[in-house]
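Structures given as structure tokens follow.
Both complexes below contain chain A, partnered by chain B and then by chain C.
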Partner chain A sequence: MRIKLLAALTVALLAGCATPPPPAPGSAASKVVVMGKLKNIEVGPMRVARENGFLTVKVSLNNTSSSNKAMFYRFAWLGNDGFPVADEEGWKTLTLYGSQSSILPAIAPVTQATDFRLEVQSQ
Partner chain B sequence: MRAWIAVVGLACAFGAHAAPKVAVTDLAYQERVEEYIHTVSSQQNSHASMYSANSSSSYNEYESSQSYVEQTELRKFSGDIKGEILKTGMFQLVQGTPYTAKAKEDVYDVIKRIKNGNFKGADYVLFGTLSDIDFQRDINSLDRTDSYSAVLGLTLVADFSLINTKTFEITSAFTAMGEGQDTKLVNGDDVRVTLNRPRVVREVSKELGMDVARQLSEQLGQAMPEHERRPMRNNLPPDEPAQILR
Partner chain C sequence: MFARFSILAVVVALASGCANNSPVLGGKNIGYGDSKAVELVTNEFGSTDLQMIAESMTRSLAQSGILQGRPVVQVYDVKNKTSEYIDTREITTSIKTQLMKSGTARFASDNTQMQSQVDQLKLQNQSGLYKKNTVAKTGNMIAAKYRLEGSISSIVKRSSDYKDVFYKFSLQLIDVESGLAEWMDEKEIRKTTER
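== the complex of A and B ==
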């Protein structure tokens, strides 16, 4: 009986370790989608507001390494139903110098946007 | 017998509360038409023979310029006004005689038009005059991109008076505005961009109609339901304060 309990506990622990917990809904992490890999770049707090009817976003980024890093990003603008309300954006590049912190601003192209996802990848 | 009396009484009650009848005019406006005529004619004849020669020439130039004021009605924007008034249920609508080029009276002289019987059967006339209409076409660059936004906008402002056809009392008066715009994102690869003009006109008409119905209801003391009141600022969603996501 004790062995069975131990085995069940071990399996549960292993399962917990294998998948990291999903980010809390509404948090900054829940808005970021890493496509591929994102090395040495930290996505920090985000400022989200609606100004003149359009959703505006400012994302703070931090290069945690001492060398220059280039990253690619694009925003996906979503409506109330969670589906895109604007055409897919092209990828843009941003260079972060060693240990640089930067703010990435964006404005939704349509007023119907109520949510967004920041898609990122680095080289 | 009693039942019949009740039915007749009810019919009378409904008759007494029947909504008043309103005729909605098209938007009156006048414009200055200018004509410029410039005609030049010249002629030269010459004749020569062994013993004689003659020649003649003539030159005529005629120049005139005249301008006159043309009065008419803009017929494109009254459909939605009528529709929105019908939705409020405050009035019944009757069709008045439209103002045409053959009309003898002044388009702005609404009292004369009422007296001439242009709005037969109407208790009130909603008389609208065009204050201003303006098309805007702008191209704005978008920061951090190689794209531009092409915008076609139309704004229309009109002045309205609700006039009692019996007493000529003005029951309600206001200025209403309609705005509409079509926006397209373009870049250097786009050869030709055509903005949707009919859609802009429809938007303006719709907004104008809603604004007229809203102000009419407000001034006549019948407030509209909250969900039918729309902000006038291009129907943009209200601003929200900034929040920081962590």
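== the complex of A and C ==
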């Protein structure tokens, strides 16, 4: 009985230490890079389309706290080889009111962009 | 003799050990910053505003589908209707650069470049200095199908506690032949300082 308890405790401890699995390639989570911290802001589903040859992205954001939160973000536009196809974008700031859900729209600067990476950071 | 040589060797070794291998010269209080960082030094028009306006306008125009077949566009200077000094030519230069990089438009010589263009054509055709088969012929310049013009205005409000600046940048693409505005967009920016 004692051995079983010890074994269960060991398994529970090991499970607690395990790092979460990396996001699946191509998933929304795999496209988000948190630079430092992103507190109280959730990055949700993304809609990706191609309009008039340009990749367009809409990212849903949710402020999980009841107070206003400011975040900084920018997109990196990538080609088929996974490398950037345009110059680095400037950082932009966005304020989300308490408990607000919002959509962040973006358009790729060049038609060669086939993928993107969203870099985010909160204050 | 050996002792003297040893001391010399130690001094040379120490001196070379202290040599500065850093590629930085001077500048203890000076550093290069990120040119893409959000600039919040004051609430006057700044680099982030310029970058945001150019980026937003360019992408909206490029993706609108109006610029089919890389038409020739003439860019006019952005009218500054704010109370502060803004180098609006930098806004149009950024917009032109980004549209050019997107491959959606070509640009005719604008007001500032036209004189240089005319001077060069005159020099080639009238001076007799150049080989005939290398001279650029007159009458072959491409006229613009569209003109791009915009304005920036601001509303500034002050109280004892706040200074609020609201910028509105408008840009429109007009068909030269018909005079119709084919595309238009705005970018609004609010900057507030709490004293």
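Throughout what follows, the second predicted complex is superposed on the first by the 105 of 123 C-alpha atoms of A that agree within 3 Å, B and C clash if a C-alpha of one lies under 4 Å from a C-alpha of the other, contacts with A are read in each partner's own complex, and residues count from 1 in each chain.
One rule holds for everything that comes next: a contact is a pair of C-beta atoms (placed from the backbone, for glycine too) under 8 Å apart; a residue touches a chain by one contact, two chains touch by 3 or more.
Because the structure is predicted, anything quoted here is derived from the model rather than measured.
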Once chain A of both complexes is superposed, is A:Gly26 in touch with chain B (first), chain C (second), both, or neither? first
Touched partner set for A:Trp91, first chain B, second chain C, both or neither: second
Thinking of the overlay built on chain A, is A:Arg74 touched by chain B (first), by chain C (second), by both, or by neither? second
Have a look at where A:Pro109 lands relative to chain B and chain C in the superposition and call it first, second, both or neither. both
For A:Asn52, is the partner it touches chain B (first), chain C (second), both, or none of the two (neither)? both
Contacts of A:Ser66 with chain B and chain C, given as first, second, both or neither: neither
Taking the two structures together, which residues of chain A meet both chain B and chain C? 51-52, 92, 109, 111
In the complex, go through chain B and note every residue touching chain A. 144, 185, 233-234, 236-246
Mind listing the chain A positions that touch chain C in their complex? 51-52, 54, 56, 72, 74, 86-93, 107-111
Touching chain B in the complex: which residues of chain A? 26-28, 31, 45-53, 92, 109, 111
Which residues, counting only chain C, touch chain A once they are in their complex? 34, 36-38, 47-48, 51-52, 55, 58-60, 62-65, 98, 101-103
